[in-house]
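Dropping the structures in below, format is structure tokens.
In what comes next, chain A is part of two complexes: it sits with chain B in the first one and with chain C in the second one.
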Partner chain A sequence: MYIGKNIDRTDGWDKVTGKIKFIADIQMPDMLFGLTVRSPVSKGKLKEIKFDKNFDFSDITVVTAKDIKGENYIHIIKDDMPCLASGQIEYLGEPVALIAAKNIRKAYEALRHIKVEVEEETPLLGLEEIVKTYKREPHSLTYFYQPQINKGNIKEGFDEASYIVEAEFYTGFQEHLYLEPQGMMTYQKNGKFYCVGSLQCPYYVRPAVAKVTGKKEDDIVIIQAPTGGAFGGKEDYPSLLAAHTALLCQKSGKPVMMIYDREEDISFTTKRHPSYVHHKAGVMKDGKILVLESTILFDAGAYVTLSPVVLSRGTLHACSVYSIPNVRITAKAVKSNIPPPGAFRGFGAPQTLFAMEAFIDTIAHRLKLSPYEVRRKNLLKTGSEMATGQQLTEGVAIDRCLDRLISISDFKKKFEIYRKQSKSRETEILKGIGIATVLHGGSFTGSGELMLKSKAAIQLNPDGTLEILIANTDMGQGVQTIFPQIAASKLNIPIELVKCPLPDTSRVPNSGPTVASRTTMIVGRIITLCCDELLNLFEKHYKEKIKIDNGILLLTKSKKRIPFRKAASEIASKKPLYIEKQYDFPPEQVWDEQNYKGTAYPVYSWGAIAIEVEVNKYTFEIRPVNLYTVYEIGRAINPKSAIGQLEGGSIQALGYGLMEKCELKNGKFFQNRLQTYIIPTSEDMPEIKTEIIEVPYPRGPFGAKGLGELPHNGVAPALRNAVLNALGIEINEIPINPETILKYMKNRGLV
Partner chain B sequence: MIKRKWQINGKVHNIQFEEESRLLDVLRDRLGLTGTKEGCGEGECGACSVIIDGELKLGCLQLAAVLSDGTDILTIEGVEKTALGKRIQKSFLESNAVQCGFCTPGMVMATYYLLSNNKNIDRRTIKTALSGNLCRCTGYRSIFEAVELASGRK
Partner chain C sequence: MNIFTPSNIKELFEIRAKHSNAVLLAGGTDLLAQWHNNKSHPQKVISLSGIKNLSFVKEEKNYVEIGALTTHSVIAADRTIKKLLPVLSYAASTIGAPAIRNMGTIGGNIANASPAADLPPALLIYDASLILASQSGNRELKLSEFFRGYKLTALSDNEFIYSVRIPLPPADIYSEFFKIGTRRAQSIAKVSFAGLIKKDKKGIETIRLAAGSVAPVPIRLYETERFLQGRILTRSVISSACDIMLKYLKPISDVRSTEEYRKFALKNLLTRFLNKA
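For the complex of A and B:
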């Protein structure tokens, strides 16, 4: 009843009026402001933290590793990252101490009187250095994770192929640039620590704070504050911030807030992993790919953090939407001395999909075939087997997406015209059009959801209102609006009765993290199971079959009609009725983590992207003119919200491909401010046309699949392919800005 | 301490602040007007946009002390009370021009400024007028539509 409806955001009015309180908008009496003391070098032995004797530190709270009552690490996957470094320094900016003062100014003043002395060692810095070392002496590197995919027989594939095509691809860092910087506050009440902040995954933060403070998890409460964007950047990092504020709070006994300023946020928080991909394919004359052999390297930074799972997803998306009979993929997450990169919308897939989707056009370009035909020849269809051996039994919609895209973008005609024009010498502006076809696996990889055992709940209150109790956060993507739509539709009650508050771990069960495009698809399903159970309870209570129609319970035998509110006041008369369910993991989803075989994801969402650009032949300025996208997402619960996600993701991906450059210079990010790290503005916007195709996924709520990350997967390679169409040059790295083009032109002696 | 008497959102306020304070801090910390946001602190994101004596300004670059007595300031908290402001806010909601909402107060202020001063707007003028306001969530198209809707063009 509310499915497919453009319901306005439930938190929308508070946001347009500026009334909503983000973490930085909150104050508590006696609150201190915390700052981090960081290592000035990339690698070495911490010698001393020097506190200026001429500065009065008496009203400054100072925390070093010695003050940690619990264990000194941030609990993520592997507990290897110290909360505060005490011996070995592994990256520039690594926290070594914390301070807190009455106000920000005082805190900064104190910070200026602290010096960190480190005996420097030689760090490993930068993807280029990693690739160089890997090619020369791979054993000298440290690998956090090394998955492999093997399918068929690659030797036979290469023997049979008519052509061998090879290329190397590079992608750079990408900063999330959520508009609200990282922020957290911790206070103590009745022996418990309360951490309130801008975060994605409250149940990641809770154990992390417990470990560091030496408290029981039950004594830690995590509350999400309205979150001003996250995109993966507030998946693991808030655990560190919460641990830090909790330590300062533990020592001072006062509430402590930490808000990173923009420069600190860009310099030291997570980013998208830089990647190197080498592809070698055996191809038939008609473009059919017989074999793909690939090496993937991700710069994983100083500590393990989330890199294994990011690389895992990257590896599993490396073949994109193609059915290739023989595959060998060797992937490695390489340790280096930079701040650990982490989760970012797409989670490794945008990197490997850039490489594969660019590679398809490379094949087309070198074999003089159409990029459309090469895709068509190799596309996955129902019944196809993926590189992991996963058989796609239903819902493969990539052919539909591609064909629709070709028609709305007029790709074939434009591609031919632009290709010819790229040779002409007359025009100053060269046009180009490029496409990409992508997928995204919904929810956790492999058995992840089985291990998570996510639980979600609904609570029926005596006044007839229904609360959705989940640990999933709304960081702008619309959970607080979509979930009431799902529950109200499932129960057939007015949506006004349903509320979805922001999570507070003292109230909500652990429905898992808000990541991996899983919230609607997995947690939404659990909520529908809870709704079914509520109906059951009503039937037990009234002892007959019941249908609910627009907020009225219809008792089928006695023909009684009871308003939902009234029924609620009966069934939940004494105390609220709490119904909790666990995710029913499909038993047929079997995954062999050791050999990377089986069902990597229960279902995929699909997308086809075309972008048209104009490149100035003299200045190499690239202007995106039109962006066409067709996405298949199962079912759009709230179409305007779905389109908002798809467009927003597409434009982040456009930034990734076109302009977002973040370079390491001596271990430091050179572009560490908004003045230098450039993201798309209103003036960079192409015309956008977004279409949704719906092939309902039977296990998703009302057929919905994940959609949040999908739009980040295809725009960058489509852009690269458009530049190839315009200039006839294969550019194999992003971002493609004027300097990148100039570099390639120079290499080819064209300027 | 500096003392000033300003008109903020239609009301006269007597305030005190330190000499080096930015207007953004005075609004947020002294007056509790936290709708104005800090996204960068260096004039790049527009989240701190306010209207001072009829001009669109950035609160993070504006030294408070240079604003003399009698200065008229409009912030997001005051916009709701104007007919145009309310129309803009409704349009933002309807066009789904809001996701995380952190850029939104600044966007609304920039839109308010644009529509108070221009009767005839098109996509081009909107894109230019909002070019100082970053949004990382929406991809801007919905914001352009919201502005058009509020302007009565749609």
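For the complex of A and C:
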């Protein structure tokens, strides 16, 4: 009824008119403003936190590790990251103390009178250093996680192959640059701590705050404030920020707010993991890949945080959309002394997909084959076996995406014209076109959803309104609009009756984090189960079969027609009717975490991307001119919203491939302001043509699969392949900015 | 912060006389960002925006005069400037984005003395001068002599930039401005280049070249100009001109680009310009 309809975003109007209140817009009586005292060096022993004797600290709340009543770590995967460092310092900017004052200015003034003294040790900094050390003495590095994939026999594959192709790929940091920086406020009421903030995963924040404050989880309430973008950047970090505000609140007895300014946010919060991928493939003359041997290194930073799961997804997407009989992948999350990188749209997949999709074109380039043909030769089909041994039994749509893309982009013709044109001396502008074909596994990896046991609920109120109670957050992607569409359609009632409020852990069950392209696909399904149950309860109440038609209950036997509102007031007359269901994990989804065998993801979404660029021969400036994308996402619940996600994600990925540079200089991020960390503006946009293909996923709500992360996977490699087409050189790192091209041209003696 | 808001030049002089350490604020597009980044601001600020008659474009017989508070938007859209000084018009249109161009002024762009400022290379090839006003009267100073070092200018404490005076360029010239930014809008130049050339049968009659973001200040490329003067453009002349240019420039690697790239791009921009001329 509302599925496939472009329902306007319920939060849209308040957001564009500025009416909505973000966390920084909220004030409470007596509220203090908190700041973080940080380590000035990347590694060492904390000697002393010196408070200037000439400064009056009497009205400043100060918290150090000694004040922590609970346990001094942030609970994520491993409990290894201190809330406040007290002995060992592991990265520049690591929090060692917290202060809070009546206002921001006073807090900054106090901060200037605190000195942190650290006995410095030699840090491990930067991906280049990690790769160098790995090649020389791999045992000297510390690994947080080391998954391996083995399939077939790689020796036999290499023996049989006509060619061996080898290449190394590097990807850099990417900053989320959500419009709204990190922000959190904690206050106490009736012995409970209430943390309100900009966040993605309330049920990640709750145990973290409980552990640090020494309180029971029931005494911690997490409330999502309207969130101005997150992209994964508010998956784990808000746990630290909430713990910090809670500690200051616990000590001062007053509400405490912490809002990072942009520089602090870029400098110290999570980013996309930098990656190194080495691929070696055995290939037949026609482009068929017999064997792939790969090494993947992720710079995982100072603490474990989310790196194992990010690397896991990266590893599982490393073969992209190809069926390769013999595979060995060795992946490692390497500890270093930078702020821990974390979740970012795509979660490890954009890194390894960049490497594999670039590698396919490298193979094509070196074997003088068409990138399209090499893809076609190796594409996964229904019935194919992935590197993990997962059999793809249905819904493999990558061939459809690719063929449609080739047709709408006119790839074959343009590719040949541009390849020849690149030899010409006359023109100032060199054109190029590149493609990439990608996938994204929906929901948590492996048995993740089984362990999560997500619960979601609906609540029918006596006035006939229906509330969707989930822990999943709207961070701009449209949860608050999509979920009413799902529930209203499932029940066949007017959408105006359905509301999806922002989560508050005192009201909503734990439906898991808002990550992994899982919300619509997994939690949406649970909501449909709740709706089924509501219909059951109506049938029990009226003791006959019921159909709901456009908000009217049709009692099939007695032929009575009861408006939904009236029925609601009858069934929920005394108190609201609360219906909760748990995710029914498919028993056939079996995953062997030890050996990386089995069903890594229950279903995949597919995408094919082509990008056309113009490279200025004099300046090496790259201008993306046209971007064609074809995505298969099961079912677009709200096509306008889906296209918004797909196009927005494409642009974010374009920035990743083209310009977003974040260099590490002595442990510090060099580009740490909006002026220097460069993301695309509307002027940098190519013309975008996006098409959606729908192959419904039987277990998804109305056939929907995940789509949020998919668009981040293919644009950067397509861009790299377009530059290869234009200039004839293999560039194996991103961002590909003019400086990068110059470096590669110089290395090849071309300038 | 003490903010003074003179409404005419006389009041401005009086305030300057009393508060010589006060900072002059025009559009604020550079200063406000600087204050925000440093988390500190000057004690005394004189806001110039209330002063009337400092925003104007006047066409005189031999020159065009632009008031110091004229915004980049106005300069980019002004018909006189577009017709007579197209390179300046275009350079103004490459600054920031509409919001910045609506606030930022030509006087501020010059006084801020950023090596990456967009207008100075264009003004330098037009041989622009500044009219610097003080209580004791006005003086005219060539823009090329105004920049004294990184973020240093010849402006003295009791002076302010009143206007920019740009002599009309000779007829039959080829001129252009090329900015390589970090992106297509809302960007600061990695390299900018401006050139003006007039050729006759005997060779190059007039040549003026300028560049931004490749030295501590926006810079006129006098040595390269001297070399090219009177010559016929051949491949080897162009190549020598590039060598001379790079001999006198010391671009650095910074947050926006690398020394290597800046040299490469500048060389190519000069080559491209001379090839097109």
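The criterion applied here is as follows: the second predicted complex is superposed on the first by the 751 of 751 C-alpha atoms of A that agree within 3 Å, B and C clash if a C-alpha of one lies under 4 Å from a C-alpha of the other, contacts with A are read in each partner's own complex, and residues count from 1 in each chain.
As a convention for this text, contacts are C-beta pairs under 8 Å (C-beta built on N, C-alpha and C of every residue); 3 or more make two chains touch, one makes a residue touch a chain.
It should be emphasised that the depicted structure is a prediction, and the values quoted were computed from it without experimental measurement.
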Touching partner for A:Glu683 - first (chain B), second (chain C), both, neither: both
Chain B versus chain C as contact partner of A:Gln594, first or second or both or neither: neither
Chain B versus chain C as contact partner of A:Gln675, first or second or both or neither: both
Partner chain in contact with A:Thr122 - chain B first, chain C second, else both or neither: neither
Contacts of A:Ser140 with chain B and chain C, given as first, second, both or neither: neither
Which superposed partner A:Asn190 touches (first chain B, second chain C, both, neither): neither
Touched partner set for A:Tyr108, first chain B, second chain C, both or neither: second
Chain B versus chain C as contact partner of A:Pro738, first or second or both or neither: second
Contacts of A:Glu428 with chain B and chain C, given as first, second, both or neither: second
Residue contacts on chain A - larger count, chain B or chain C: B
Footprint overlap on chain A, comparing chain B with chain C: 673, 675, 679-683
Chain C partner contacts - residues on chain A that touch it in the complex: 108, 263, 428, 618-621, 623, 659, 670-671, 673, 675-676, 678-684, 738-739, 742-743, 746, 751
Interfacial residue positions of chain B with respect to chain A in the complex: 28, 34-42, 44-45, 47, 75-77, 79-80, 89-90, 92-94, 96, 98-105, 108, 126-128, 130-131, 133-144
List of chain C residues in touch with chain A within their complex: 33, 37, 39, 97, 180, 182-188, 190, 255-258, 260-261, 264-265, 268-269, 271-272
Residues of chain A defined as touching chain B within the complex: 6, 8-9, 11-22, 24-25, 176-181, 226-231, 261-262, 475-478, 640-641, 643-644, 647-652, 673-675, 679-683, 685, 688
